[in-house]
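The following block contains the structure, expressed as structure tokens.
Note that the chains take the letters A, B, C and D in the order they are written out, and that residue 1 is the start of every chain.
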Amino acid sequence: MKSVAINGYGTIGKRVADAVSAQDDMKIIGVSKTRPNYEARTAVEEKDYPLYIGIPEREGLFKEAGIEIAGTVEEMIQEADVVVDCTPGNIGPQNLEMYKKAGVKAIYQGGEDHDLTGLSFNAIANYDDSYGADYTRVVSCNTTGLTRTLSTIDPIADIKKVRAVMVRRGSDPSEIKKGPINAIVPNPPTVPSHHGPDVQTVMKGIDVTTMALLVPTTLMHQHNIMVEINNDVETEEIIEALEKRSRVIVVDAEAGLGSTAELMEYAKELGRNRNDLYEIPVWRESINVVGNELFYMQAVHQESDVVPENIDAIRALLEMESDNEKSIAKTNKAMGIL
Amino acid sequence: MKSVAINGYGTIGKRVADAVSAQDDMKIIGVSKTRPNYEARTAVEEKDYPLYIGIPEREGLFKEAGIEIAGTVEEMIQEADVVVDCTPGNIGPQNLEMYKKAGVKAIYQGGEDHDLTGLSFNAIANYDDSYGADYTRVVSCNTTGLTRTLSTIDPIADIKKVRAVMVRRGSDPSEIKKGPINAIVPNPPTVPSHHGPDVQTVMKGIDVTTMALLVPTTLMHQHNIMVEINNDVETEEIIEALEKRSRVIVVDAEAGLGSTAELMEYAKELGRNRNDLYEIPVWRESINVVGNELFYMQAVHQESDVVPENIDAIRALLEMESDNEKSIAKTNKAMGIL
Amino acid sequence: MKSVAINGYGTIGKRVADAVSAQDDMKIIGVSKTRPNYEARTAVEEKDYPLYIGIPEREGLFKEAGIEIAGTVEEMIQEADVVVDCTPGNIGPQNLEMYKKAGVKAIYQGGEDHDLTGLSFNAIANYDDSYGADYTRVVSCNTTGLTRTLSTIDPIADIKKVRAVMVRRGSDPSEIKKGPINAIVPNPPTVPSHHGPDVQTVMKGIDVTTMALLVPTTLMHQHNIMVEINNDVETEEIIEALEKRSRVIVVDAEAGLGSTAELMEYAKELGRNRNDLYEIPVWRESINVVGNELFYMQAVHQESDVVPENIDAIRALLEMESDNEKSIAKTNKAMGIL
Amino acid sequence: MKSVAINGYGTIGKRVADAVSAQDDMKIIGVSKTRPNYEARTAVEEKDYPLYIGIPEREGLFKEAGIEIAGTVEEMIQEADVVVDCTPGNIGPQNLEMYKKAGVKAIYQGGEDHDLTGLSFNAIANYDDSYGADYTRVVSCNTTGLTRTLSTIDPIADIKKVRAVMVRRGSDPSEIKKGPINAIVPNPPTVPSHHGPDVQTVMKGIDVTTMALLVPTTLMHQHNIMVEINNDVETEEIIEALEKRSRVIVVDAEAGLGSTAELMEYAKELGRNRNDLYEIPVWRESINVVGNELFYMQAVHQESDVVPENIDAIRALLEMESDNEKSIAKTNKAMGIL
């Protein structure tokens, strides 16, 4: 039973905590917050997670709010075999020193640069690279989405190059201060965006160029993907490969799943924790091989697709399982992932 | 064990079905759909509900889609002690004849006129009115929200009159064809709106006038309520009464719950089925007694607040429990409602 | 011909500049910007306004961008009879010292506190208060909207008290970083909001309490107003009074003007500069006298309703016209206001 | 002076009417409406356009509303040299018979199929094809946008193939009943979308494949374009060509024009009628030649980019000007187009 600490109990952190708790070979020994808000309270009162505070000076605020704390982040990591760092993008780097000092392994998220750890992680594409390592980084939600389907397609289609347009949600559902309310925002306005190089950290050598924008929605990202392929494959073979691949699902617009909103509703029908859709849904109708080109559209539930990846990353770092597909299957089963 | 059929397995119907299944004194014997979409499939494959079809001619479509059907709606209601009719507003009236012929009791939803059944229902305000009746109507999500808090406040404050502005969500989350995208729409543009008279169907004689509008959001309605009161009460007494009342919660904007989006996130932290918030959240900061006036702001999760009311309505119609608070407590416990 | 400087050429400033230019008794001698963006460029190249810079150190940036500058803000105000300060809320106070030193009169906007100038302005309600004064403050867009209709209704209805719910746009159309994208936000979550006291700065002694919230739209605010009145008036009399009052228009939802979006479209049909709707539109269908209560719904084009008020404030401060209705009529005519 | 009738005075029709009025070689002899809404009223009262009714039985409704009508659509077209048909997509075909019977030439919009007229029109790409013809069709807003930039780039880059992703606005600004409010909708969910073949109606033989989706915004469409080219060109050459091309503008995100919302604000600064941006804005930062590939992002003001095209189509059909660039220049000058 390995001990896991979550530093930064926010959108990603709280999901990784629940996913860890769902496994039988690891457990949460603590989660950290910086403010005594409703998430801090429910972590303690609903989830029974020991709560540590990221900014010790704020102890009084937690006391005032009547939220019990177990100690500081520095104390929390002493007890852990691995820390999953889910703090916001700019905080992570300064935490690395603390982890090194404490001699604890650590997993970072996609908000950090690849250079921080020199190692990036996707369970399907490059599990072995992080096996036994001290630090790794689970790539971002968008990169995870691209990697899952591209690494499934490549073995049968032999990808020559990928061109993709990433239509990104403007904010997470509960971020009420971020916009835009009514605009499409090229973001970045330069081409290519950073998503292509990020895919290359887990799929070495792939030729991928991306363009990205923000739109006024909160639910999911959406990707439009155009792939030049070397092999002669049928549309049906691509569909079959995607259907066989776990963590990817092929969905039918025609069956009422024609938008990101209906996909989120579908997650509700599946009874998912927090309404999460861990799988990358690919629209069946969009998959089309024309000559040496393959087109498809997919969506990404930004809040949750990386969550099972973190579980597998824990197993890789702590050498709990050497076969990536075995770890994937174990994680999937515990979380009800298709 | 009473047998319940759900006619119309949509936004409300599927939630009532799950709520019935959570009780120990009633069970689902069938749900109905008109189209073989993903909801039809998950009803059968995830929830194990026998699926009946509302439009018999479409049997072929369900077969084609590989979704097993158990029969027609007419067949379904034969087996039931009570039907919960959750079809869209204009379908209900024509169903009444069918229910009468089959000799089955029925519960309608707020999209129907009070006149259809001559009886309306709210578990706190007028449970007894429907006790043993053949047909009743659970009032709409907005009316349920107003009734819950007003009927809690009235006993201590002695309400003289209520003036309320209902800021309504433009569409349910998965209704992608409804707008507005970027507008505020007085709806109706006439004053008063129908919500006041609707409250009067369950709180006889109350003086209440409402104004209503639509805004571009999907999550929750929001109400701004101004009450003239006869009694001399303190703000604290109102807060206490609301805190004590089940199905109403007092929330702190300051604790990070300052918007409908964060309230929906809170429902996720509570681990609720489908991310539902059955309770009416009232913002603590907004509750303010000034002279003979009481002001407060509340939100309404339109998809779910009426769901436990339907359970209690079943108990009232079938004379399963004569004490409304006992039914409420039983329902709450089974569903994890605060 | 009076000389007017605009300090802060943003949403409000650029509109006041154009409105000043449309008059025959005043002219723009300069406008100021802090960044060399497209507004700075069009101020110079399309509008021919001399451009001064608010932050002298940035001169280089404007040069690089090829935008000609005429000097610094300090230099600009030397030439002016009056400065209209349209900088963001927190900048204004520190500017007052500069204006005093330069001996120039100044008009502030609603983002500042009443206390800064000790004097607030609405052309209909209290023009005379600012006549000949050195400094005044045009009240905010929402307060201007409330004041226009309430000060029209009061003389015939004798207002006893006003209760209003202000449904505010989340951001101005071009503010792409502000949300919410999908939420209703009580703002403030405390009741009453500051809008009531703000109305009292221009309508002394009126009993007005307001509740306010933000919604995901950019176009206009919307107000829901409930007035207790002492006089016995007919709905028709209220409509007539509002129709007669300039800067207020009575619109028909039934004629296709049933939302803020259609009102903005209407401004396009009227050929308005920048698509502005300076008038407060009141929905005819919503106006309803019931007993001693009057209900109505109105909208506010936040970017423009205060613009003609600034013109009248200039005439009041500089003693160019002693009769408020004459100034209003002159301003209206020059700007095509109904 | 040619006589032009506008059948269908809606979003496109009212703009074409104003554009015709701005020319010195053609004039509006009538516009048509089917309902007596605010657009009908302003057509008569603000614009002085003779108003004809599309559905003669509704004459009474217009009389009731006090809107003066000049006759029926059948009467209107008798007087015209050409009709611009701006009715909704499904109405156009049945009108063709009427136009034929009346012996009047006609121009259709992009909502109709190419097959209706067998001829499609873009002023830059294929003006000559429609010269002297009886009927033509101005291609849709999206197709016009693609065609403008691609036909500018092709002569210098020699386009091999085009792959584009069209991120479309969910509804026009005043369409308050259309969604989505919070979703991304692949539309169509099949790939390729119809936009590619539509471009081929005006740029014969071009290899272009498109994917399309809807997002919750009203202002503009946005295009992400990936072009394989045969020639060896520099990014700078592409920029220069686009800058030289009228009806296309190169904009800087860095200068504050980084979104569709800010582009709409820019149109206000330019003092445009109805806030229209007739030009296709291309983001300078996005233009990038990498090897044999060119990437760029552009936006399309769906309500107005086709408007000047209609003017040129009139000149082509009526043989008023044989040189497309002369017609373009004339139209541009009259409308202030860059």
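Going forward, a contact is a pair of C-beta atoms (placed from the backbone, for glycine too) under 8 Å apart; a residue touches a chain by one contact, two chains touch by 3 or more.
Just so it is clear, the model here is predicted, and its values are computed rather than measured.
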| item | value |
| --- | --- |
| Chain pair showing more contacts of the two, A-D and A-B | A-D |
| Option reproducing the contacts of B-C, where over half of them reappear, out of A-C, C-D or A-D | A-D |
| Intercentroid distance (Cα basis), chain D paired with chain B, Å | 46 |
| Separation of mean Cα positions, chain D and chain A [Å, integer] | 42 |
| CA centroid of chain A to CA centroid of chain B, Å | 35 |
| Interface hub residues of chain B, defined as touching at least two other chains | 173, 175-176, 180-183, 185, 216-218, 258-259, 261-262 |
| Interface residues, chain D side, partner chain B - complex | 170-171, 173, 175-183, 185, 216-218 |
| Contacting residues of chain C [partner chain B, same complex] | 163, 165, 167, 169, 180, 182-186, 188-192, 209, 211, 213, 215-220, 222, 224, 226, 253, 258-262, 283, 285-288, 290, 293, 295-297, 299 |
| Residues on chain C engaged by chain D in the complex (per definition of touch) | 14, 35-39, 41-42, 46, 65, 173-176, 181-182, 218, 252, 255-259, 261-262, 264-266, 268-271, 273-275 |
